[in-house]
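My structure is below; once you've seen it, I'll send some questions.
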Amino acid sequence: MPTIEFNGKQIEIDEDGYLLNLDDWSKEIGEIMARQDEMVLTDAHWEVINFLRQYYEKYQIAPMIKILVKEIAKVMGSEKGNTKYLYELFPDGPARQACRYAGLPKPTGCV
Amino acid sequence: MSTESDTPLLDELEKGPFPSFVSEIKKAAAKNKMALDELKQLEKSYRDKRGYWKHGGIVGIRGYGSGIIGRHSSLPQEFPGVADFHTVRVNSVSGFFYTSDSLRQICDIWDRHGSGLLNMHGSTGDIILLGTSTEKLEPVFAEFSSRGWDLGGSGSSLRTPSCCIGPARCEWANIDTLDIIYNLTQEFQDEMHRPAFPYKFKIKAAGCAVDCIGAIARADCSIIGTWRGHIVVDQSAVAEYAKQGMDIQAEIVNLCPTGCMVYDGRELYINDEDCSRCMHCISRMTKALRPAGEKGATILIGSKAPFVIGATLSWVLVPFMKLEPPYDEFKALLKKIWEYWDEHGKNRERLGELVIRRGMREFLEFVGVKPSPQQVKEPRRDPFFYWKDEDFRRQ
Amino acid sequence: MDLPKRKTDIGPPNYRDFLPPVISKNYGDWKYHEVLSPGVMVHHAGSGEKIWTVRVASPRLLSTDTVRELADIADKYCGGYLRFTTRNNVEFLVSDEAMLCPLQLELNDKKYMIGGIGPRISNIVHTQGWVHCHSAATDASGLVKALMDEFADYFTTKELPNKVRLAVACCTNMCGAVHCSDIALVAIHRKAPKVNHDSVKNTCELPSTIAACPTGAISPDSSKKSVKINDDKCMYCGNCFTVCSCLEINNPDFDGVAIVAGGKVGSLRSDPKFSRLVVPFIKNNPPRWPEVVEAVSNILDAYAAGAKKHERVGEWIERIGWEKFFRITGLKFTYQHIDDFTIARETFRTSAAFKW
Amino acid sequence: MDLPKRKTDIGPPNYRDFLPPVISKNYGDWKYHEVLSPGVMVHHAGSGEKIWTVRVASPRLLSTDTVRELADIADKYCGGYLRFTTRNNVEFLVSDEAMLCPLQLELNDKKYMIGGIGPRISNIVHTQGWVHCHSAATDASGLVKALMDEFADYFTTKELPNKVRLAVACCTNMCGAVHCSDIALVAIHRKAPKVNHDSVKNTCELPSTIAACPTGAISPDSSKKSVKINDDKCMYCGNCFTVCSCLEINNPDFDGVAIVAGGKVGSLRSDPKFSRLVVPFIKNNPPRWPEVVEAVSNILDAYAAGAKKHERVGEWIERIGWEKFFRITGLKFTYQHIDDFTIARETFRTSAAFKW
Amino acid sequence: MSTESDTPLLDELEKGPFPSFVSEIKKAAAKNKMALDELKQLEKSYRDKRGYWKHGGIVGIRGYGSGIIGRHSSLPQEFPGVADFHTVRVNSVSGFFYTSDSLRQICDIWDRHGSGLLNMHGSTGDIILLGTSTEKLEPVFAEFSSRGWDLGGSGSSLRTPSCCIGPARCEWANIDTLDIIYNLTQEFQDEMHRPAFPYKFKIKAAGCAVDCIGAIARADCSIIGTWRGHIVVDQSAVAEYAKQGMDIQAEIVNLCPTGCMVYDGRELYINDEDCSRCMHCISRMTKALRPAGEKGATILIGSKAPFVIGATLSWVLVPFMKLEPPYDEFKALLKKIWEYWDEHGKNRERLGELVIRRGMREFLEFVGVKPSPQQVKEPRRDPFFYWKDEDFRRQ
Amino acid sequence: MPTIEFNGKQIEIDEDGYLLNLDDWSKEIGEIMARQDEMVLTDAHWEVINFLRQYYEKYQIAPMIKILVKEIAKVMGSEKGNTKYLYELFPDGPARQACRYAGLPKPTGCV
């Protein structure tokens, strides 16, 4: 299994880069992941990531995209409440990037 | 013995007249390591009677949330060539038309970056490029997109729309299936590439009720060409069919579901008012019978595979709609449908399931379609039904 | 190697650029067609022009070598124009009648199977199976090969009362059109999933997993931060596995294939129909699944012998009645055949009129 | 007055003691029958003996005076033997052919309607209505009278393509056979019940009340020890009222009658069928409900004009299609016609073939 | 004006050719106060468009839990005659046969103790004595039972079984409906009089598939006569029908649902193997066609009115059962059915609803009936189904 | 409305003799009702009545007859676990008598 090094510890991830053990997550892990994608996480990114984590904690599921988009509209202004902006922020998309950085389980199912 | 095959079970499937997929894999394997490990892992599956693929896989290309199916072997040590073995869904051409050059172009790219194996086509209608690794995804996409090819749908997005051959080579097409599908695909690129629906959404268009694309069985929105008018009968062609041995009474008249035909041994009469345009007679007597009148389509919704509530067939939403470029009326309807689904759909709930769950009325009112008996096989049977205040006012 | 610059959201190429000239010219103006042989037909346009089609079978899973060969043949006989059908056959689009014969000769030489047009068996719609899908409870390509070898004559020469559409789905997601096919195979499980409790909490969304179950067999197991499955309620559909990989449903000892029959999609003569269960289970027996092939042959033979001209399998069965279908095919009628899912009661025989 | 000694569990009298001798003798040995006129038929036994039947209409709700009159007539012409049909008509069982004519003359004299045999309208199966039932949203007897007056000729003389079975149910409990009748009326409500909170706790079992609701519209209102009703979910079926009298569903301003059609119970030609909704609502307009009578006449006329010989109403409609039925009757197709109850999706038109 | 009627609305219903229930009530009212108040209250209902009966009412006779429907006026002050107005359900005679004396006996008792109004019959098949007071119940019962009449069912009990006229006067009866119903009613007196089921249970028997008692639509257990064998054709009678103007092709052959008949203009042939015994041809050509072979019945279960899941029709449980006195096989089956219902049925859950809820398999296994294609119109459509360990062993 | 006199208070009952206000119930009320039916309540009766009350308190519904019968079998011996015995004990039947004495709501519905 691949790993991410963090604080001298080897954090296990799966072949697509998702945490194998969700408890391993920390802000820094998210940042390391982003760095490997050559991304710098701004406040806007963190708004989304934090929303994802809160939502997951509350409901034990990742929000549907429409909910995510609405949330973004709330924090970033309604003109940014669309998938386009979401992909500007996370070019690999919410599932592949935002959820991964947020330390949520790997999305499955519908492909 | 060195002559013993590594794949004795699969070898069995090279025998017999039908072209062998095993031979295809072997051809690819001869020059491609990924294909070789695919072959070997498959042999193991045949031995053990089980697949060796891991569940899921989330990979993709930048800016897109769909178009790639992630796939990893569960035996990467044993079969490193397929440790990553993602598929790339390339949006096919309306009607599945190709030129030899375009096919070679596809092959060239795929030999460079993938397994050299592909499906023409997947069930939804994509070109399925079968197996490449994560780091090859961006290159593959760059090669394709720069040459005018784009990815198809996957995930909770609009899936690659597809259609029957329609007016390109069929005398019965009531609508330009190819153009409609091309136009819609172009219009809804964002919906296809950046999943934002509650679940997948499929569109298929057939030129007539023969439905050579299976639209009614496997599309959240099924477009089926039809006409308002009659059937023109060429009596001399009828006579010709009879002369050539067709038993018109048995083969045509008796099988007409509405009983609206009469054959007196010489001429064939159709009571057009009672014809349901099922296409049977027309398909059997193509030289003699021809639909005439206003052409358009029936719009149906809701078909899908059995999860969760059991398989559904699409049902009539709009009995008749003219479909001419730029298809604005249809697009407006589609957007309303999505809006409704977006508002009420649960995660992984297909449109049909949603409408079944909440009832047709709310949906019809939302998308602005009137109730009509064409939408049902039969009215309700039980005397339990809702009334709204406006219904009282209407009376 | 330098990569070209990527573009996004350009959509597919325009189909107009792929049409043979005679099609472009007569687009939408076809008058009728004639089937000249099981693999050749000609369409006549209002202009008097014609396009010939020569159809050959394809295993769908192709190597680039084969695709190139197809391209070469197309170049040689039809100006490079060809297409694939909605059932994955290859159609050479011939504008010059003189090319028809040499094309077919070359195809014969190269062992292509020419046919599939008219009232016969065309290609089998199928899905990935063990070749590529994690969900597969059987292999689709292998089944298709075994069946099509058996029915090759029905593709190339022999006629049936009407088209017979076969399909294979390698799991109950049914990516093929199995649910509306004349005769189709669908792979099934027969044991409840095993829960890998340790991974569930890191891998699965519990609410989605629970909601995925059509029978409500899944409930939270909060002590383990996992789920538990009520074996009595589970009907092994595998939908939970689709959303949660930790619910291992594959079980080679119990997985296999069910046969369904009588479906169709066209509205000709009778409404589109769902396929119905005819054989609840046959064990996976790769590489050639002889028991499956035999069972399908049995049904097909009964159809060929009993159906009237133009009757599809489902129309034939509905005319003679399912009770007679089971009698003449000798298939066993079991508890599994009796519906107990969402619309079960609509399938119960609410009539005193039936056959013995 | 002294009461005789009661007995229990003796069951009904033995039917054998009530059969006319010619029936006792030829019991189970009837060979065929002939319909001699709309109200007279004769059954021929293997022995050569015959029994004549003269049928007259009955309002079902009878006074003892009338029953005595019937008994007297039976004494006079048929040895005191008579019976009632499953549709509540009276049948005089005549063993002596010579009695046939005088019997009919006396029946005519006494204004009995002779008829109902053969392809015509027989009596209307119905229920209690305002005459006796707490649940009634209309009166059954009144509707029946109004309809039968209108269709009297179809009872006594005129023929139809086949029997037309009419029925009336005064609420959705449907104590008649409304759900499988050619044309039937069922009384409905259109407003959610009003909860009489004060009485609920002393009168109703909350769990039973909640479970009674087909749509899950009822939930506990624990503060009030009562229940609350979600008006949006309520479809006014009244089942909750049946188990809990405090949920007042009657609402004269909104109650009325729905018309259903196309049902049958026999298995002849086609399977038994449910009646389907054709007119969602007509206001109660006693004493003669003219709008209802007109609507039923309209359907009946269309049937009489359009059906083939032997076709029942439902068979006729299925042959021409519901879409054509609505067109030719001019009945309005509304949201209410589209099913949204348990098997709704089975009623959606999953076909591209239909009429305009 | 003193000539003005008290019941102007109801008076309207005395006009017209069909016998008037209003006239009947008036006849009774002329000598009975209860009937008079019934009339008056009904007039008020006609005026106000609503009933004036209180909900429910629990009254009865000693030792019985059923047979009486309690009924109270909601306007007892205004209409004291109907303050109590209970109905007495008297178990009718198989086939609804009466002698004039027996009818007079009923009338005499009812005039003495009740309203003088009655229904011949209620929908279930009882003699419905319409309206008496609580204290009259015991007397009424004593009078009836001492003369050989008993009460019918009500409540969660076996309801009064009923049947078509069958062999008493019908050439098509395959079973002795009258005897079966009489025998069952006698056998299950306790089940009828002392409600102990989860809900009501109805049995109806028809002699053939014509079903003149509507058994298939309104009985938890429907017994429908049928035969295993063939149809005997009397060709000379066929010729006679033709001569008398019957269009045998159109009226008989074309309407045969299985298409198993051929008429060559002279003789009629039936391919018995394909006949579904629907009774159409036989009913139209009773002189020419006759069922022959082993007689018996199809046992169906589950029909009922729409609550809670929608109306159901009975469906086939046992395709063929011989039914001869003492009907032990049927009775044993019935007891098993009740046992199953007793074990699994919820309060107010009819048998059919229960079997639909829990599936046919468990039920079939419990009652000991084998699965057979005759039980279904068609096999299941979705590939989701249960397996038990014994199924694995069986293979 | 009819009433029952008890302790000088008029307890309201409906036309079929059921309490209009369930809180009015007491053992004595049950006994008065029985006396009006010319019955004497034995222990066996009380077993049933008490069971009914407990069941109702717990589930807010009267038990189905089959449950009642099973309960009787439990307390009185299995040979008495049948409706016959129930009607011997309460000749008017469980609904009309036992539930009424037990102060349960008047059974409705299925008639």
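A, B, C, D, E and F are the chain letters, set down in written order, and residue numbers restart from 1 in every chain.
We adopt the following convention: contacts are C-beta pairs under 8 Å (C-beta built on N, C-alpha and C of every residue); 3 or more make two chains touch, one makes a residue touch a chain.
Predicted model only: the values in this text are computed from it and were never measured.
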In contact with chain C as well as chain F, sorted by label, we have D, E
Could the interface between the copies chain B and chain E be described as same, meaning over half of its residue numbers are common to both, or is it different? same
The larger set of C-beta contacts, choosing between B-D and E-F, lies at B-D
Could you grab the centroid distance between chain D and chain E? Build each centroid from C-alpha atoms only and quote it in angstrom. 12
Geometric centre distance via CA averages, chain E-chain A, whole Å: 66
Just curious, how far off is chain E from chain B if you go by their C-alpha centres, in Å? 50
Residues of chain E engaged with two or more neighbouring chains: 54-56, 63-64, 190, 209, 211, 216, 257, 276, 278-279, 306, 310-311, 313, 347-348, 377, 381-384
Where chain A touches two or more other chains simultaneously, the residues are 61, 106, 108-109
Can you list the chain C residues in contact with two or more other chains? 172, 174, 179, 208, 214, 237, 242-243, 245, 267-268, 271-272, 274, 341-343, 345-346, 350-353
Each pair of chains that touches is included here, namely A-B, A-C, B-C, B-D, B-E, C-D, C-E, D-E, D-F, E-F
Listed in rising order, the residues of chain D that touch chain B in the complex are 172, 174, 179, 186, 188, 190, 214, 235-237, 254, 258, 260, 262, 274-278, 280-281, 319-327, 333-356
So in the complex, which bits of chain E are touching chain D? 9-10, 12-13, 15-22, 24-25, 27-28, 35, 38, 42, 45-46, 48-56, 63-64, 71, 85, 87, 91-104, 106-107, 110-112, 116-121, 123, 125, 130-131, 138-139, 141-143, 145-150, 162, 164-165, 167-171, 173, 176, 178-179, 182, 185-186, 189-190, 193, 209-218, 250-251, 255-257, 276, 278-280, 283-284, 286-287, 305-311, 313, 346-348, 377
Taking the touch rule as given, give the residues of chain C at its contact with chain B in the complex, in rising order. 1, 3-15, 17-19, 23, 27-28, 30-33, 43, 51, 53, 57-68, 70-72, 74-75, 80-86, 88, 90, 93, 111-113, 125, 127, 129-136, 139, 141-142, 144-146, 148-149, 152, 155, 172-177, 179-180, 208, 211-212, 214, 237, 239, 241-243, 245, 250, 252, 255, 263, 265-272, 274, 284, 286-288, 308-310, 341-343
Residue ranges of chain D touching chain F (in the complex, touch as defined): 201-208, 242-245
For the complex, give me every residue of chain C touching chain D. 267-268, 271-272, 343, 345-346, 350-353
